[in-house]
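This is the structure, below, for whatever I ask next.
Chains: A, B, C, D, E and F, in written order; residue numbering restarts at 1 for each.
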Amino acid sequence: MSSSITPKSALVVSAHSADFVWRSGGAIALHAQQGYQVHIVCLSFGERGESAKLWRKGNMTEDKVKAHRQKEAQAAADILGATVEFFDIGDYPLRADKETLFRLADVYRRIQPHFVLTHSMHDPYNYDHPLASNLAQEARIIAQAEGYLPGEKVVEAPPVYCFEPHQPEQCSWKPDVLLDISGVWQQKYQAIQCMQGQEHLWEYYTRVALQRGVQAKRNVGITATRAITHAEGFQSIFPRVTENLA
Amino acid sequence: MSSSITPKSALVVSAHSADFVWRSGGAIALHAQQGYQVHIVCLSFGERGESAKLWRKGNMTEDKVKAHRQKEAQAAADILGATVEFFDIGDYPLRADKETLFRLADVYRRIQPHFVLTHSMHDPYNYDHPLASNLAQEARIIAQAEGYLPGEKVVEAPPVYCFEPHQPEQCSWKPDVLLDISGVWQQKYQAIQCMQGQEHLWEYYTRVALQRGVQAKRNVGITATRAITHAEGFQSIFPRVTENLA
Amino acid sequence: MSSSITPKSALVVSAHSADFVWRSGGAIALHAQQGYQVHIVCLSFGERGESAKLWRKGNMTEDKVKAHRQKEAQAAADILGATVEFFDIGDYPLRADKETLFRLADVYRRIQPHFVLTHSMHDPYNYDHPLASNLAQEARIIAQAEGYLPGEKVVEAPPVYCFEPHQPEQCSWKPDVLLDISGVWQQKYQAIQCMQGQEHLWEYYTRVALQRGVQAKRNVGITATRAITHAEGFQSIFPRVTENLA
Amino acid sequence: MSSSITPKSALVVSAHSADFVWRSGGAIALHAQQGYQVHIVCLSFGERGESAKLWRKGNMTEDKVKAHRQKEAQAAADILGATVEFFDIGDYPLRADKETLFRLADVYRRIQPHFVLTHSMHDPYNYDHPLASNLAQEARIIAQAEGYLPGEKVVEAPPVYCFEPHQPEQCSWKPDVLLDISGVWQQKYQAIQCMQGQEHLWEYYTRVALQRGVQAKRNVGITATRAITHAEGFQSIFPRVTENLA
Amino acid sequence: MSSSITPKSALVVSAHSADFVWRSGGAIALHAQQGYQVHIVCLSFGERGESAKLWRKGNMTEDKVKAHRQKEAQAAADILGATVEFFDIGDYPLRADKETLFRLADVYRRIQPHFVLTHSMHDPYNYDHPLASNLAQEARIIAQAEGYLPGEKVVEAPPVYCFEPHQPEQCSWKPDVLLDISGVWQQKYQAIQCMQGQEHLWEYYTRVALQRGVQAKRNVGITATRAITHAEGFQSIFPRVTENLA
Amino acid sequence: MSSSITPKSALVVSAHSADFVWRSGGAIALHAQQGYQVHIVCLSFGERGESAKLWRKGNMTEDKVKAHRQKEAQAAADILGATVEFFDIGDYPLRADKETLFRLADVYRRIQPHFVLTHSMHDPYNYDHPLASNLAQEARIIAQAEGYLPGEKVVEAPPVYCFEPHQPEQCSWKPDVLLDISGVWQQKYQAIQCMQGQEHLWEYYTRVALQRGVQAKRNVGITATRAITHAEGFQSIFPRVTENLA
C-alpha cells in the first residue's frame, strides 16, 4: 500500500508451533518470494495439545517434546523463507498476561508489518486458537498507540487475516480472500513434511489446498486463462482500502 | 485480473434512476478515469417511490415524471463518464419476470464486466433494492452458463459489490471495501446535483463520503502518508482471488 | 408520537384467520381499550392449513370451512374491540400478486395506522407467515410513496412489529418488546376460546402469555412494584425514535 | 422413528440431475442398503447451467442435452439403489409455479418419506439451489395439511437436511450431522463416474468425502475404535426429537 | 456410540447448585434410568446470586446459605439418580483459574463421559452461565490432550449440549435437540420441589417442559402415534456423527 | 417506569475519559434537562490510547496526560449537567479485576440508575470498549444480587444501551433506538469542544449526529410534523417492557 526502500514485512502469530505451516505456509512462502520479510511468533510449542505422537513414544518429558517441536518449526520456517521466534508461554491452556501482550506489541513495533496472519475468532475444538487471535489483535492496537512507549515509531493499520481452522464451518470462519499459492505449493508441502509428529495431517492439508484452489479458479471464472491449482483461504478482520474494484 | 487489449468494463445495476449516483458515483467516475467502460442499467425511473418532490409540484403524470428522471440520470451518467440504459420496468413495486432476467443477462454478455455494482441484499425501507440485487446476481449466473444462448461468449466471474444503502446498519450491510474517491469527489458531487428532485439528499451523501473517507484513512493508518478525504463503502458477495495480502 | 383529534389507529396483518388472536390478541385489546381503532386484515381463512379439526369432521367443503373460520375470527375481533376484513386469497400456499399488494396498500392509506403488527420474517414450519410479513411491509412502503395514487394522503412511518411465531427460536425471532397485557388477559382468553377448531392451542398460548409475563417482570426488576402476569413479545423491524431512555 | 411393516422411505429433491450424486450419493446408498425406499426428484436436467462440456461438443440441442443428462442420472440412481423421476421444469433459471408445488406435494403424499434431503438455503453461485430447497420445504408443508386434498393420508414431520453446496462457507452452510458413508463409498464413486460431462468434479467430491471423513472421526474421538474414512455433511432444518443424547 | 461392559456415563457442569435441575433434570433422570452413570459438578452454590429468598429471611451468613443450597442440590441429585460434587468456587462473579480448569479436566478423565451438558454460550442476564460453559468446554479439550498428565486415558469426543437458559431468545440459544422426558417428568418435578428457595420457578419450568413437549410432538408429526407430553431442549456445540438420518 | 419523589437517575460507563462525550453527550444533556441525575464513570483517562496529540507535544508524562484529560472530561460533564468520577484503572489495555467489578457494582447500588449507557459488545479497533461494556453489564448483575452485600437495596433491572462505536458496521452494532437530541445539540457540541486533544473528531461526530437525525426523521415519517435535526443511536441489550406500541 506504500512503497519504501526498506523491505515490506509481515507478521504471523501462531498459537502452537505448527499452525503457521498448515494454515499459512503458502502465504509465507509467497510473500517471502515477493521480497517480504516474514516473521513468525509461535506462542507455544503445542507441547501438550498437539504432540500426541511424541507422547505416545514413551520416555518423554515436556522439555524433550518442546525441543523436538522447536526443531521442526524452525526447519519449516527456514524452508518457507521466514524467521521465527518462540514465546514458550505454554499450551492447553494458552494464557497471556499483560507482559506477553506487551512482548508481542514490541514485536509489532520492531517488525512494522504490512499485514498480519493469525487464527480464527472462534474454534470450539481449540480454545488456544481464538485466544491467540485476540492476543495478536490487541497487541496490534497497543502498538498503534502513541502513549505506549512514547517516542517509538507506532505501527500503522496493517490488515489482519484469520487463517483457516481445522473445521472451518464449525468455527464460523468464512474466507473472503483466496490466495493463489500454486507457485509455492511444493515449498509449502516440504515445510509440512517437517512436522513428523503430525503425519496424519499432511494429506488433509494437501486436500485443503486443492479444494481452495478449485474454488479460487471458480471465483476467477472457469473460462479465465489464469491457472490456479492450490490456494489458501483467509478471512479479513478489517475492510480493505483500495482504488480499484476489479 | 486479466490483461487484454480491449478496455476493461464494469456494470452497475440500479433499481431506480438515481441510486447509482448516491451509492456508486465515485466508483463509476474513478474507474472511468482509469479507462474502464462503465455501463449503467436503471431498472426503473423511481417514478413512484423516489420522485416525491416532482409529484408535489402538481399537474404531473407518470410519463412526465419518468421523462424528468431520465434526463437527470442521463446528465449524471455523462458527468461520471458512463453509459446508461433504462429498462423501465416500473417501481414500487419493482417486479422482474424471466424476460427481464434474460434482458439483463444479455447486457452482461455484451458488456463482459470486470466487476459489478448493485444494491444490498436486505433493506426493510425499500423492497425494490434487494430485488434489484437478486436480479443482478441471477442474471450474472445465467450469463455464465454455456447452455444459455450456446455459442455466445459466456462471462467469467466478475466480483459483485453491494453499494451502501440509506440506513446501512438496518440493512445488515457491512462494508469490507473502502474505495478512495478523493480524486473524483468533485465529479460525483456535480452528478449528485443533477438530482434536482432529491436535494435533501445532497448533503446527506456528502457526509456519507466524508465519514467513509475518515474510516478509510483509519484503516490505512492514521500516521500513514496517504491522504484520503472521501470514500465509498462496498460489501463483496464473493471472495476475492489475489496474490498479495498487503 | 403525534397528538391529534382523530383517534389513533393500528393495523394487524394476519396470514390466516386465527393468527391475530394467538399472537396479538392482547395488543389488540389493550390498544382498543386505550382508544385506538384497531383494524385486522386476514389474508386467508387458514382453510387448508389450519383447520384440521374441521376437515376431520367429514362431509366438509372448502366453502364450509371458510364460513366457519370467518365466523370464529369475527367473533374474536368483536371481543377484542377491533374491526376485521378478509382478503380470501387462499392459503397453503398463500400467494400475493400486485393486485393484492395494492389492495393492502389501500388499507394502509385508509387506516393511516400508528403501528403495524404482522408475522415473523422466518418460519420453516409455515411458509405463509413470512410471505404475509413481507406483503405487509411492502404494502406499507407503497402506501408511503407519493407516486402511488398521487394526491392521496400518504402514510408516515408506522413502526412494524413481528408477533410471536409458534416455535420462536426456530424462526430466528427475538422479542425486543414485551407488552404488558395483564389487564386484558381475560379478554384475550375469551377471544382464544372462539377458535373451536384449534382447542389444542388454547393452553399452549396461555402458557406463552404467562412465560412472557414472568420475563417482562424480570426485565422491569424482580423487586419493582409493578405487577405483570401476562405479556406478549414483539420484534421490531425499525428503530424507534424517542426522547427518553428509561 | 416409528416401526412399521411397510419399508421406510426417503425423498431427495435435486435442482439439477446430478446434484443428488455429488451431495448425497452416500446417504442414498447407505439408506438403500438399510432397506429404505429412496426416491429422487430431479427438478431439471441442469441442461443449461451444468452441462458445459456437452455444449462445447457442438452440434447440440437442448433436447439432446436433456436426454444425455437423464441417462446419466438414471444410471447413477440405479447404482445407488434409488428410484428417480424428472420434473423437467427447466434450469437457469429454475422457476416453480403452484402446479409444480402441488406436484411435489403429491410425491410427498405418495412416498411418505421418513426424511428429506435437499439443497442449502443460500448459494450466491447458484440461484436454482435455494429455490429448490424452498420448494421442497413448502411442498412438505402442503403435504402435511389436512385441507390439501382432504381424505388423503397426510405426511408426518420428516426431518429435512440440506446437503453440502459447492463452496460451503460462502453459502452460510454449517453441517450439524456427519453421516458415515465409509461402507458405501465405492458405490458412490461409481455413481459419480456416471457423470461423464462433469469429470472435473470427480476428484473434488472425492476429497470432500475424505475431509468430512476425517472430521467425522475427530468428532467421534481420535482414539475411538470406530473407523471412518468417508462422510457426508448435512445441515438440519428442524430440531430432532430423541430419547438419548450419546 | 460404542458398546462396552462398563456403564455409559454423562457429565453435567452447572454454574450454580440448582441450574442442573431446571435445565436438565429430565435428561439426567432419563439417562440414569437407561443405566448411565450421571455425574454433576456444581461450580458454586449460587449463594450470592440465586438465593434471594434465603437472604431475605434475615440472620443469614454465606456459609449458612451454602449449606442450605448444598442440601437441596444433593437431594435433587439423589432423586434424579445422579452423583454430585461441589467445587465451591463462588458466584456473582464466577471466576475460574487454571487450577479449577485442571480440576474439572480431571473429572472428565475420571468420568469419561459419553456426553456433556452445560450452559448456553451467551446470557446477558447471567455472566456466570457462559463462563461455566466455556470452562466445561475448555476442560474437555484439556482432558483430550495426550500431553496433559501423559499416560492417563484421554477422553474421546463426547458431544456437548447447552441446556435452556431462562430467556432463550435473549441468549441466542436455539434448540436443535428436543429430548422426550415424558416418562421421567414426575421425577424431575420432585427434584424441582427440592429447591425451596426458588419456588417462583417451579411453575415456570413446568410450563417450559410442557411447551417443549408440544414442540417435540410437532417435530415428530401431529398425526404420529408417539405420545410426548414433556421435553427438554438442547443446543449442540458439535456435529453429531451417525449412520442413519431418520 | 416508576414515579417517585427522588429524582430519576442514569449511569454512563465510559472506557476512556472522552467516550461519553462523542457517543452519548446528547443523551446525557437531554436527560439532565429532564431532571435526571446523570452520573458518569470513566474507567481510564485514555492516557495511552487516545491522547496522541498530547504525546506528540513532547515533554510529556503519563501523569500530565491524565491530569489534562481529567480536566477536559470534567469540563465536558459540567456542560452536560452530569457528575463524573474516574476509576483510573489504565488503558491500552484496560483490565478489570474483581475489586474493580465490585467498585462499579457499588456505584450501581448508590446511583440506582433508571438506565445505563455503555460501549458496544464488539469493536475490532478497540479492545477496551467491549471490556468496559462487559464490566458495566456484569457489575449491574452483581448489584442486582441479594447476596452481594446483603441488606443493601439491590438495583432493579435498568435497561442497558450500547452507544455508537467509531465504525459502527465493523462492530456489528445496529441501533434500535434513535434519540432526538435536537434540543441539546448546542450543549453537546460545546462539550465536544472541551476535547482539545481530539479536534479531528469534532466534525466527524457532528456529522454522525446529523446523519442519525435524518434517519430519525425518516423513521418517524418524512411528512410528519415533528422536526428532528440531530440524533444519537443506541442498541438495546434487553427487551423493553411497555404498555403502548405507537
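Quick note on the criterion: a residue touches a chain if its C-beta (ideal position, glycine included) is under 8 Å from a C-beta of that chain, and two chains touch if they have at least 3 such contacts.
Given the structure is predicted, the values throughout are model-derived calculations rather than measurements.
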Graph separation of subunit A and subunit F (steps between touching chains): 1
Contacts common to subunit D and subunit E (chain labels): A, C
Chain pair equivalent in interface to A-F, over half of contacts matched, among A-D, D-E or E-F: E-F
Interface residue overlap between copies subunit E and subunit F, same or different (over half shared): different
Chain of greatest Cα-centre distance to subunit A: C
Angular offset of subunit B relative to subunit E [C-alpha, multiple of 5 degrees]: 180
Centre-to-centre distance between subunit D and subunit C (centres being mean Cα positions), rounded to whole Å: 37
Rounded Å distance, subunit D centre to subunit F centre (Cα mean): 52
Residues of subunit A whose C-beta touches two or more other chains: 52, 125, 170, 175, 215, 218, 222, 233, 238-239
Touching pairs - complete list by chain label: A-B, A-D, A-E, A-F, B-C, B-D, B-F, C-D, C-E, C-F, D-E, E-F
Residue ranges of subunit B touching subunit A (in the complex, touch as defined): 1-2, 8, 10, 27, 30-31, 34, 36, 114-115, 117, 144, 154-159, 161, 175-180, 215-216, 218-226, 228, 231, 233-234, 236, 238-246
Contact footprint of subunit E on subunit C as seen in their complex: 52, 125, 166-170, 172-175, 203-204, 207-208, 210-211, 214-215, 218, 222, 233
Contacting residues of subunit F [partner subunit A, same complex]: 47-49, 51-52, 55-56, 60, 62, 65, 92-93, 95, 124-127, 170
Subunit A residues touching subunit F - in the complex, by the definition given at the top: 98, 101, 134, 137-138, 141-142, 145-148, 150, 237-239
